[in-house]
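In this document, chain identifiers A, B, C and D correspond to the written order of the chains, with residue numbering beginning at 1 in each.
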Amino acid sequence: MSSKYQSLKEECYEANMQLDALDLVIYTFGNVSAVDRKEGVFAIKPSGVPYAELKPEDIVILDFDNNVIEGTMRPSSDTKTHAYLYKNWENIGGIAHTHATYSVAWAQSQLDIPIFGTTHADHLTADIPCAPPMKDELIAGNYEYNTGIQILDCFKEKGLSYEEVQMILIGNHGPFTWGPTAAKAVYNSKVLEEVGRMAYLTLQINPKAPRLKDSLIKKHYERKHGKNAYYGQN
Amino acid sequence: MSSKYQSLKEECYEANMQLDALDLVIYTFGNVSAVDRKEGVFAIKPSGVPYAELKPEDIVILDFDNNVIEGTMRPSSDTKTHAYLYKNWENIGGIAHTHATYSVAWAQSQLDIPIFGTTHADHLTADIPCAPPMKDELIAGNYEYNTGIQILDCFKEKGLSYEEVQMILIGNHGPFTWGPTAAKAVYNSKVLEEVGRMAYLTLQINPKAPRLKDSLIKKHYERKHGKNAYYGQN
Amino acid sequence: MSSKYQSLKEECYEANMQLDALDLVIYTFGNVSAVDRKEGVFAIKPSGVPYAELKPEDIVILDFDNNVIEGTMRPSSDTKTHAYLYKNWENIGGIAHTHATYSVAWAQSQLDIPIFGTTHADHLTADIPCAPPMKDELIAGNYEYNTGIQILDCFKEKGLSYEEVQMILIGNHGPFTWGPTAAKAVYNSKVLEEVGRMAYLTLQINPKAPRLKDSLIKKHYERKHGKNAYYGQN
Amino acid sequence: MSSKYQSLKEECYEANMQLDALDLVIYTFGNVSAVDRKEGVFAIKPSGVPYAELKPEDIVILDFDNNVIEGTMRPSSDTKTHAYLYKNWENIGGIAHTHATYSVAWAQSQLDIPIFGTTHADHLTADIPCAPPMKDELIAGNYEYNTGIQILDCFKEKGLSYEEVQMILIGNHGPFTWGPTAAKAVYNSKVLEEVGRMAYLTLQINPKAPRLKDSLIKKHYERKHGKNAYYGQN
């Protein structure tokens, strides 16, 4: 009766419910997945199910080639993007996608979010990348799979590391974020939304606001993530 | 004792209460109706009643010529607009009207909401239309009935389908939305408010933000509403 | 033991608590009063008391010359403004003062809030007036009393009726609103805040947004407040 | 078993929980400390602990030279800034640091917050200062200690009194606030956030909005803080 993926489903379920609790989604506008690397599968939200109705047993289990391993519901329409990222980025444990307001506004603006302050530098040292819209033939084709390619291409072109920069904006669409766990992927969605809101306000107050200087970027990132980090309890 | 319109009243009541729960109204600034096509009647909120005091039995039942069929309270001041839409658009099951903040701001700006992203394209392929204010003699005349005409004229002029585009802004006033059910009409009010907010922020960040390209509009609309839609559970 | 002003105190207390419930104040940044015309007294919030600690018995009773009739606490620092308005405007029953965000932003901008839409016209037909800052000698003098004069001067200069226009912005300070009851004064504070927010957004979206045309102003105001009003239940 | 610093820890704990309740922080983005002048120690939040998990016994006690006196957890990464301020400003009893949205936006803009209205003047008579980013060698060095120096240098250069002006923005970082108690420091964080939001909106509505005139600054500050203050209950 009980599934061998029970704890994976519950991790995925809890992370999806966090999206809602953190005001990152309305209705069904988002999805989170969690991976089990040993089993080579990931768990993802079923498509179009409101958060208020979602149950752990609704979560769908797939392999990295998008074959459904367990579950009777149709998985998220964005499933192929998740699968592509899990297949190519071996150190990520969870992925989140939302239509959060400020993140989408920046994506619709087709602009990277400039690094203006230490809230940003506490999490990453680069501007938050916005991938340009993909070519028409790719959109008409295997769209969600190609979105995965679009993300990797953008990281390659900008020379970014997915282990440091755990977020991207898909131009005209919205954010994808990831991390070592599904919970951390959701955390990164919230941080991105807040950093995007702060950057928006900064430019409204001072359109000539300067980018954060390198010494402060380095100091804040290092004190939280460097070899001699002294933020947090270990 | 019990009304033959009991379930219609309850559908209408629940949808009105959702307006409030979704932060789309303050005080009495909105109304929702639900139709019973077989009986040729619709149910609508009574005028000026706060949501906290509203009860299912307060809901008023009218025919499409605005005759009260059941109920002792005065129906919403916008009732004639609802009746006109039900009479002319035979496939709609519910209508919502709000004074939600971003929707009203766009209406007051007398501008269509440009389609900037996939959140918008997930719901409709056109800019969200803003009907120009009507002529003075129509305002002074049968105003709410003429608002219905104003809506149909705007759709005719722009060549829009009410089955695809389930929302409009009345210039200087606010939004009307509709759908197959009253609940879906309210859903469309919430989507319009959020899409309007995203579009506002997009233009603040990048006044030259480009309209979403056709291939992406088509892809997102089709994957949710097209013949081979693969969003949701059926 | 019980006060002859018990019900007046409770009306005042309830209206003050509404300010907080409607998110119009933080901390102690606001006050509401209620009048008893027969007794020639009004009830007002004590100065500097947080809403969470406020009790009906804390409410202070004063006459229109600012003599304390009942109560042991110091009344609101804005009491003389309230007294002046009650003395001069015989048909008002309650007054509210807040530092609500959008209302204050307009006051700090020293601009009237233009009438851009029907949400505004449902309540008044004029732009919401912003009184210019008073002269230095009046500020240094009997400041709160002079604020009352400032309000009446502004209405006189602009030819406004306090029975129609139940709100004003004091330049660089914030809003005062009033109405037939204390509850209605608070209602007007909320409407002002929302109308101010909508007008702000309208100008951000379209800096050339036109003022609402006269025919629509008249229609919406009259259908709610005119001789043949048909909004509400009577 | 019980600590001699129990009440200090509880004061510190309560003030930290207020940061969260007042929507001034997300996740672990903030910290509050409280001082015991007689003992020459202060209590501060441990680093990186979510508010939902924080307990009074987690609070760390240090002296003004950053030696841990009691507690097993690592103190906030900003601890040296707190210690420096306690050591140099002998009349402060508590300090708060947040990444609240509007405060950070102003800090990232590297602009002082102009005094536009009486909400501001009720609390201080100067523009809210924004300290310029420190030199690269100071950032690379004893960063958090140097942040303390940066704050005092800014106050010295601008001729400000820390007893009147109980807040500062660190350019590109965020706000520090203080006061006679930890609770008052948190209050000042909330006031700063709200005043910053009002100033932002004011400039959006009217980019030429004038600074509040001196007579009004003086009047409002004096009626609340002057010798003959008449705001509040004593």
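We adopt the following convention: contacts are C-beta pairs under 8 Å (C-beta built on N, C-alpha and C of every residue); 3 or more make two chains touch, one makes a residue touch a chain.
All values reported here derive from a predicted model rather than from experimental measurement.
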**Q.** Superposition rotation for subunit A onto subunit D, Cα-based, multiple of 5°
**A.** 90
Q: Could you work out which chain's C-alpha centre is the most distant one from the centre of subunit D?
A: B
Q) What whole-Å value do you get for the distance between subunit C and subunit D if each is reduced to the mean of its CA atoms? A) 33
Q) Rounded to the nearest whole Å, what is the centre-to-centre distance of subunit B and subunit D, using the mean of the C-alpha atoms as each centre? A) 47
Q.
Where in subunit C do residues touch two or more of the other chains?
A. 204
Q. Looking at which chains touch, is this a line, ring, star, complete or other?
A. ring
Q: Pull out all the chain pairs that touch, please.
A: A-B, A-D, B-C, C-D
**Q.** subunit B residues within the subunit A interface of the complex
**A.** 116-119, 187, 190-191, 194, 197-199, 201-202, 204-206, 209-210, 212-213, 215-216, 219, 223-224, 230-233
**Q.** subunit D residues touching subunit A - in the complex, by the definition given at the top
**A.** 26-27, 29, 46-49, 73-74, 77, 99, 101-102, 104-111, 133, 136, 139-140, 143, 172-174, 200, 203-204
